[in-house]
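Shared chain: chain A. Partners: chain B in the first complex, chain C in the second.
Then we have the complex of A and B:
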């Protein structure tokens, strides 16, 4: 068959670099982690195949599972604070920034976004100093405005530490949802808003009945990005509270729990295989969240041509 | 229904002065068209009338009320936008109901009005659709329906047909004209297309560079443009302009063309004055009398439409001269052609562009 075309080698050449990089740095480590979670490490250092035993142990052995469920629950609370505080504030700021004729809008935008660019370690350290009962400025500041009795060592109390850390994270990252929402708000054509004004709609009504329905896809996207970010979070907890995520594991989230399981902390030894199990479970939780979003939520969201 | 009056209206955006001392009276029920080149301030003026922009200076009345500080809704206007500006997430029905709900009308009333207007505009079958599921022409009709259902005192249209194809534009133009006659609501319509202006308007307002050049009925503007800008803007194809001067012949002033031809005039024009002579393409003819103005040039191009033929010929020192002849004329390119014009069809403009009467 003389007319049969040659194998399209050039296509392979174009695909190969991306394929190699993705395989080497994403797919392979992921698969290897999952594979590793199916083994147990004997004290001799030898690895033996153990099927799903690690998973069973993680979810039901009191020694491990207590910490796991605690971290998972904390992580949900951490995420909830972001959804209920960070994203509404981001939306509010974006709505204000997109107002016509606001002076200094660019400056505000930049200032609010700057903390996002700083290292989490710097942010954690700074806030630790600010909130410190010993040398922080907060106790004196509150006293000077007559609210001295309100002060508490928020980062040191079991019932406030996680919330405080979540709010620090909100403070740092509120610029991200703000930017995304702002971009979709200014994409709404001016004539549409003019039409609503001619129809007699107040600024409030225009926001709730015209703008908000049109940016729902962006709000969904922001929520799922927040979810992924929060369930992968680790650095802020580690920077402020160290590996033990104290007091009494009250700030422990999946990231810090994974770290302790894998590398060990103080007296307890780390276990690479159990660490791989935690990492896989984290991956599955995030995967499930993202799938629910794509298959259930996003299908009901309409993206309107503007 | 209401009249509208503008007194010394000015608009500035920061340091940019966009509209200059505009005066305008619009009668109740009149169809007024603002026409002018792109960027001359038509939309800005319409938005001032709508209440979407604040008036920098001057006074605006709708009916007997000064409306400078009133919101669009309080002014009782409805507007149709160039992009239609339908709410993309609402059905056609909800688009039309939006303003009525804000007015606080009850459901039944609203439903009655919408069904009424929908049947007038053949929108009945589209009421449940979203704007994204409509064609351009249908969206246009919905936008008009949304304006009509408000039963406003004044309709405002900003280039409503410019996103439609030629055939649909013609159809909608006729539709808008018909609706306005039926509803008899004061209407202001912005366009850069002088054909739309001529066909729709009771009264045309020609604008240029933030000034009103002339206000008048279409035929007034066509027959007696007050200046060179209006003369060149109204009429299609555009008026031809010829260089002319004034000289003295036997103690009487005559107008002299570049080719030496002279025209008598009773005006007291100063010797040496530079003039522009205007003649519309449709007033040039291949045949003429001894007393007619006659010009000569070389044919550059001929466009044959069947019913009409456009002949373009060059004269030294001028832009291409256009001549429109009824019927089909087959003329060879490069041939020298002679075109005649009746003296009473000639327009004259002084150096500043102001029209002067020939006789």
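Then we have the complex of A and C:
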């Protein structure tokens, strides 16, 4: 064939637009951020190259590191709540929705997914109202079922605020894992299920021993997406608790910590270079998590050819 | 990644704003008071132009959150207006140090201001002043007169009376919350509470200056005592105060469900519009009857001149007008709760605002504790103060512990 030796220009033409946009708006800013983190800014506005000094300061100087470790630890707890609550609930809902002959399955699916589409500001405001000790429906609802003493101003207490926010976020985003898992559940061929049923397996056994092993790759994907989403999270904390992520920094996560470092908060001025350092560290944390997943977890996941 | 995008959009935004060319010959005012645009255009500027025909003035505000950054860019790029509304303390001082605000020591109108009034816009040594003070806010307590009358109460003068009053409202008030205050947002704990009740303990300017010169520490009794008082407020703040926001507190008070509201004077305008009961004000109670009282009378706004302006003579005419009695009277009565800083004897028509401003006669004024110089440290002292107040009232830190933590950050 004569055309074999010709350079495949059309491939280049197809790739180029995406490549340019990605480079311009994603890769270049990322590299620029990393580059910026190697500088220090003097009060006169001049930038001086300082190598890894910003990183050292961030991780060891108490005036920055105390806040950083606190934010990292809080972020980890935030992620843990999502993994332990959001994803199992998502799995449960997906399993229920994929049952044959469930009435109104489409309606449920839509209703559960709707919060995901709402703006975080709306979610934050709504939940603040629902949980408000003054005007919220929660105190009265608990009173009406005789549990009035259980009510606490959850969003305002140091030991409950972060958990409450994490659960609000779970409520908002539970539709995402549900949809992904649901999609892979309905992709399981009916023959497999039918064969198992003919062999006399119960519905429970079919779920645990046939369906679950087949969707493990999806569960892994959901976990890593949750990880990336959580370690980049910022908006809900900012919408409900503001830049200081109160009370007493108890709801501070990496996103809000980054915001304060970069833009400054009350009397502290922001520092673009230190902000870039925090952003880079966040990127590295996420990169590390994703690498561990790809190289360690995903390779061991057994895939079945359907 | 995120910040780079933001940087780009910020630059783009500033470019658009900067492109609004200033007409030669006219005076243009830079300000963050977008809310006041109508007031300037309908009342203040016409009054000035009537007195000084031939000078045209334009009010060109920028949103408060963008003001500092976009003003900086415009000053550097040479497109800023002739008159610049000054933020208090370090923000403006930095502009002056960069020679982006003119020295106004020779301005005739400056003689109308006290040193405290000028302190927010002067160099640390007090030798140069670069903005004409325009307005301050005063802190104190607002109360619901109807509730007070019903329970036969009168405003307290001493701390003991204050707590007795709170107890009476709690026991006899039939569900009325004594104090409309919540710790959710944090800033009120410092700016409206600590720096309002505190000056009585640290003797206003005397204590504040001792802190600046490092002759005093926040762990000293006079700085811990306000926290001790705040810790005792919690039982009177209503259930769930830990998740109560500033907006919640405002609503609670304006709906008549709370008796006392720790306030900044800017709140008066809000309640005048929304509350249907009679309102009164009392100042922070003192320890013993007859003690010298101190009030938090915080400088908030001033106006300076762009040294690159082509209309400096006209700009000075305008600044002198700002220092006049006419402006003070006009401003005080149009913007309820923002008080002029000049030494003119003016009449304020709003009874609550008039009550608050009358405290200046008997009490000594001071500014917010950490506003001058102290905030310059590496760490966010203001945020530390917010958290300290919040923790004390929430009961998660003892007053002495909270003060020690802020001192640690101050000392760094």
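For the reader, a short list of remarks on this structure follows.
Quick note on the criterion: the second predicted complex is superposed on the first by the 292 of 306 C-alpha atoms of A that agree within 3 Å, B and C clash if a C-alpha of one lies under 4 Å from a C-alpha of the other, contacts with A are read in each partner's own complex, and residues count from 1 in each chain.
Assume a contact is a pair of C-beta atoms (placed from the backbone, for glycine too) under 8 Å apart; a residue touches a chain by one contact, two chains touch by 3 or more.
Keep in mind the model is a prediction, meaning the values are calculated, not measured.
Partners chain B and chain C, once the complexes are superposed on chain A, both fit on it without clashing. By the touch criterion defined above, A:276 lies against chain C but remains apart from chain B after alignment on the C-alpha atoms of chain A.
With chain A as the corner point and C-alpha centres for all three chains, the angle toward chain B and chain C works out to 150 degrees, nearest 10. Once the two complexes are laid over each other on the shared chain, residue contacts for A:30 go to chain C alone; chain B is not touched. After overlaying the two complexes on the shared chain, residue contacts for A:194 are found with chain B alone; chain C is out of touch.
When the two complexes are overlaid on their common chain A, residue A:148 makes contact with neither chain B nor chain C.
By the touch criterion stated above, A:88 is placed in contact with neither chain B nor chain C.
Legend: residue contacts after superposition of the two complexes on their common chain; A:244 is shown touching chain C, with no touch to chain B. By the touch criterion defined above, A:139 lies against chain C but remains apart from chain B after alignment on the C-alpha atoms of chain A. Looking at the superposition, the partner that touches the larger set of chain A residues, chain B or chain C, turns out to be C. In the superposition on chain A, A:51 makes contact with neither chain B nor chain C. Of all Cα pairs spanning chain B and chain C in the superposition, the closest are 42 Å apart.
Applying the stated touch rule to the two superposed structures, the chain B and chain C interfaces on chain A have no residue in common. Put simply, chain C touches chain A in their complex at residues 1-5, 7, 182-186, 238-245, 248, 251-252, 370, 375, 378-383, 386-387, 390-391, 394, 396, 412. On the chain A side of its complex with chain C, the touching residues are 25-26, 29-30, 32-33, 63, 128, 131-135, 139, 151-158, 242, 244, 246-249, 258, 260, 262, 264-268, 272, 275-276, 279, 283.
For chain B in complex with chain A, the touching residues are 47, 50-52, 71-73, 77-79, 81-83, 85-89, 98-99, 102-103, 130, 132, 146, 150. Against chain B, the residues of chain A that register as touching in their complex are 189, 191-192, 194-201, 205, 209-210, 213-214, 302, 304-306.
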